[in-house]
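After the structure tokens below, expect a handful of questions from me.
Chain lettering (A, B, C and D) follows the sequence in which the chains are written, and residue indices restart at 1 in each chain.
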Amino acid sequence: MGKNLITGGLGFIGYHLAKLLLDEGEEVVLFDVVSESKLTKDIRDKVSVVRSDLSNWVQVLDAVKDNNVSCIFHAGAALPPTSEQCPAAAYSVNVTGTFNVLEAARLFGVDSVIYLSTLATFGPGVPPIVPNDASQRPPNMYGVTKVCGERLGEYYHSRFGINFRGVRYPPLIGLGRFGQAQSAYTYLVIQEAALGRPYTIYVDKSTKIAILYVKDAVRSLIDLKKAEDGKLTTRVYNLYGFTVSAQELADKVKKYIPEAQIDFKPDPAMIKAVENLPERMDDTLARQDWNWAPRYSIDQAVENFIEEVRANKAIFE
Amino acid sequence: MGKNLITGGLGFIGYHLAKLLLDEGEEVVLFDVVSESKLTKDIRDKVSVVRSDLSNWVQVLDAVKDNNVSCIFHAGAALPPTSEQCPAAAYSVNVTGTFNVLEAARLFGVDSVIYLSTLATFGPGVPPIVPNDASQRPPNMYGVTKVCGERLGEYYHSRFGINFRGVRYPPLIGLGRFGQAQSAYTYLVIQEAALGRPYTIYVDKSTKIAILYVKDAVRSLIDLKKAEDGKLTTRVYNLYGFTVSAQELADKVKKYIPEAQIDFKPDPAMIKAVENLPERMDDTLARQDWNWAPRYSIDQAVENFIEEVRANKAIFE
Amino acid sequence: MGKNLITGGLGFIGYHLAKLLLDEGEEVVLFDVVSESKLTKDIRDKVSVVRSDLSNWVQVLDAVKDNNVSCIFHAGAALPPTSEQCPAAAYSVNVTGTFNVLEAARLFGVDSVIYLSTLATFGPGVPPIVPNDASQRPPNMYGVTKVCGERLGEYYHSRFGINFRGVRYPPLIGLGRFGQAQSAYTYLVIQEAALGRPYTIYVDKSTKIAILYVKDAVRSLIDLKKAEDGKLTTRVYNLYGFTVSAQELADKVKKYIPEAQIDFKPDPAMIKAVENLPERMDDTLARQDWNWAPRYSIDQAVENFIEEVRANKAIFE
Amino acid sequence: MGKNLITGGLGFIGYHLAKLLLDEGEEVVLFDVVSESKLTKDIRDKVSVVRSDLSNWVQVLDAVKDNNVSCIFHAGAALPPTSEQCPAAAYSVNVTGTFNVLEAARLFGVDSVIYLSTLATFGPGVPPIVPNDASQRPPNMYGVTKVCGERLGEYYHSRFGINFRGVRYPPLIGLGRFGQAQSAYTYLVIQEAALGRPYTIYVDKSTKIAILYVKDAVRSLIDLKKAEDGKLTTRVYNLYGFTVSAQELADKVKKYIPEAQIDFKPDPAMIKAVENLPERMDDTLARQDWNWAPRYSIDQAVENFIEEVRANKAIFE
């Protein structure tokens, strides 16, 4: 059996996925445009790292050819705000990069391409509990490029028999997430408390959001990869963890860190941005087709996340 | 006011659009990868022709920069079966080509980009009367690339203020259509009769299909371009002409050409392929937002098409 | 042993090379952006044809991967005047196209890449008998792109062990050459006479030029491919056939076609353009390293060319 | 008058050039793939910085269009060892990147493109004092890509009238140079002594090399930009500072830092690598055509370099 190539391998999701694959005894190659990351230090000697650029087709093909790859987990992408500040870079990395990944899979006989898509592929106007087959007309470049990737992958499956499968994540929480997307308060409130630092939430106490713990998120990728093909009724699946209000989230943190200093200073613009995100995604298809279910309750997710931050303080220095 | 650049300008739709724009006193530049076409002979001395390749960004930018272009009608694309035989070419021409067109518009201040999309962006499983906001997960590369183009255009509108507007056509009939798509019998039965040649329809007499006359199709592009922006509730609109059974179509032809020799020899594969196409598209939004309505009844379309074929027999030699 | 892929395979040189390879019992795949050519009709059923674009890396890789290719004769290129009218197209086809060919060879283990370069890589200021290692600073885009190709190929040889070898041709004469480069009179005077048509030479009777018969040119490619690697002292070799004045050329034609109508109407601009071409290339290295020598004297070349034109009149209709 | 865009602007040469341009009252925009550099801290608030990628044409065009650029100093490139480890990246950044720069200049009417080339464009076999018009057949990818850039630039000058001018540097010494090229000892021996650290030279005491002080190098770019066009007899000029043996260099350092600890531990491979570099470049043409002459003697260069290192110790921490 071949190796697992993870694009964006030194990032937040790449790290957690690599760890889980290593735990299962699999071989892992991390593909990333950077070559160092504080996050991945503990697994660095157990994986190969290829410093390469998704938008450079030769580098993508070489990574696949040189490493006996049988599965590509395609997590690499230009994310907001970069994708919105420079749509041309997002086009190169996310659209052409995904085309390069699919072509590498086709040309060198890779069995599976597991694609990471996002709730952000759904735009305004979708039903509150977003169905798996809802219309995808996203308002930002990140979402646009992910829609293009889903469609290209589906085509490479039907036309060339590449085992393309994908998931759409809601915002994730977990060790190593970074950045200032509108949903950032959901991980920051936990992470900052675990680091003993105060944090001010910028939405209303009642603002609700769908989130998923990163360990469930990466577990789903492996489960989906192993799912029986005959049972799959679509190629890309909505995932969903739990819906939580900002107040509930703060309460959960205080349950595990009673001394946590958490304030609220609602910012109307941010509230609106968060409210534009669906409160819930319909993950029925994933549950039916390949027995998807999150293993972490909100309590377990918060507790585990706190533990991991405390055990890895070095990455926050 | 600037010129109109029509990509795919020497093709079927490009020709009819150019004629209509010339009739309205507009200046027209035809952009195409070929430099000659029997079809466009009668307008050749009234237009400029740029022989260029959509997948070459320099050529796209030069066409815009050198011609004082204020509107791009983006009709150029790799069509089936080419798009399915060589998806990599379709990716370059249709996806990267559309990116190049949008970038050219942004970099050189083109006011409007009018995009030609297609019913083929909708895959199986959509409602029988396809709503404007139906989910778009097409089964072929042509449809995939057109979905990518719609999304990229919408983003360039919201992010950069480019006046991107588009239409989704059902199969068109009219002088100069060519090729062997599953809907080909709808134009061939008329064209061949007009040329005095027998024709055998490969679907059932009762097989129904949605079609649109090319003159209504190109008229819609100009109307959409002129539509008041404040009234537009979306960026890409379903269009619809009429639904007709193969028998009705044969009858209409015989009404105008009583001696027409039309047979039926149904091919189950083709029947199924046609039945996969929606029988009807919901064009309510286009009707509401910018008063779209086809001007040609089926009778008028058949009659006019016959006239045009007879007046242009040279292009069939 | 694998097949021979000839890029630009439906062109003038591609055709003659394919014929010679077929004569030697080799298998041939013709790669070209067009799919039909009058010239190649007599070999069409003995070769495979891949209609593809050098500037599309997927198409280049597929052509190599799908055809068990062990040698690529890389003759395809945008030529003057196209290369000068659209340098961006020449960049894509000639520079990126050559990069694509070299990468395809590296990625899929092709043994040899035989490269067709040109006298046009040398600019003004080189010695009258151009040495093999003369400085290459050409005045036109065609020459520029061919210099880039030579350098890239040499690097792929030293870095990746690809057996890259090349030749620099002077202007060629022979059946199927077309176009209006400054040296065009050298083939037109023979071809037109063979077709029984008058021809007016646009240079002085005394204007001299170095030329090579196409059959010697393509023979050299096969000889170079087979040459012992240890004897090669460079990677790209000057070739040279004979130097002939316009008057001598006209005399040779009349020797074989006494009734030929040949006039002179010298055009100063064209005379100057031709005089910018070196009168002679030093092919000593090719002679020493792999026993290069033209087999056709000028008399034999003219006689054979006339025969071939007369036997293939259909391609001139 | 427009701004000066420096590609590779946060690098060693970019920094020194920016400083000199600022001293002359010019406006400077730094274009680089990274957004931070310790080196450029002291000028950071006097320049604009564009974080962009040369291989992304949209980013190159935007940098030019958004900044009213009248001159591009094109210093950005993938250097050894990166260029040799990943030739495909070097192709994208150096060859396609230079094409993008030239196209940006053409499309948006930039007056001048000043190109930084290198002694490394000359391969083995050139005369010991390398003439300006020597043959350029370099052994490494860096040199290959720089040859391509020279030829493309010359063509854009003759074809489109872009004021393309370039220089070929020998190895440079000065504050902020980094990396481990074969010539690295020439700057390290000075820099390390200035930092109070011991240094072991890896070549023979008698090993000679041609070098140039970075302040003369960047001064030349501004002088060349201002040179009268009618006096230029070529487009790319060899530059040369002084030739110095390793022993002489060590002596010069000790003249200014008597306590410097400098050892020799010759490594035959490195000696050979350095000896492959020409000992001298013929810069006669630059001297004749635009009065090029280095202003720093070897003593002045060493003294000034030491001063600058001591005044900028922070960048070495």
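The rule we apply is simple: contacts are C-beta pairs under 8 Å (C-beta built on N, C-alpha and C of every residue); 3 or more make two chains touch, one makes a residue touch a chain.
In this text, all values refer to a predicted model and were calculated from it rather than measured experimentally.
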Report task. Quick one: point me to the chain whose Cα centre is farthest from that of subunit B. Result -> D
**Report entry** Chain pair with the higher count of C-beta pairs in contact (C-D, A-D)
**Finding:** C-D
**Report entry** Length of the line joining the C-alpha centres of subunit A and subunit D, rounded to whole Å
**Finding:** 42
**Report entry** Approximate Å spacing (C-alpha centroids) for the pair subunit B, subunit D
**Finding:** 53
Report summary line: In whole angstrom, the CA-centroid distance of subunit C from subunit D equals 38
Requested in this report: Mark out which residues of subunit C touch at least two other chains, giving numbers and ranges.
Outcome: 58, 62, 88, 103
Query raised in the report: Which positions of subunit B touch subunit C when the two form their complex?
Result: 52-53, 55-56, 58-59, 62, 86, 88-89, 92
Query raised in the report: Which of the residues in subunit D end up touching subunit C in this complex?
Result: 84, 87-88, 91, 95-96, 99, 103, 125, 133-141, 144, 147-148, 151-152, 154-156, 158-159
**Report entry** Complex contacts: residues of subunit D adjacent to subunit B
**Finding:** 57-58, 61-62, 65, 103, 107
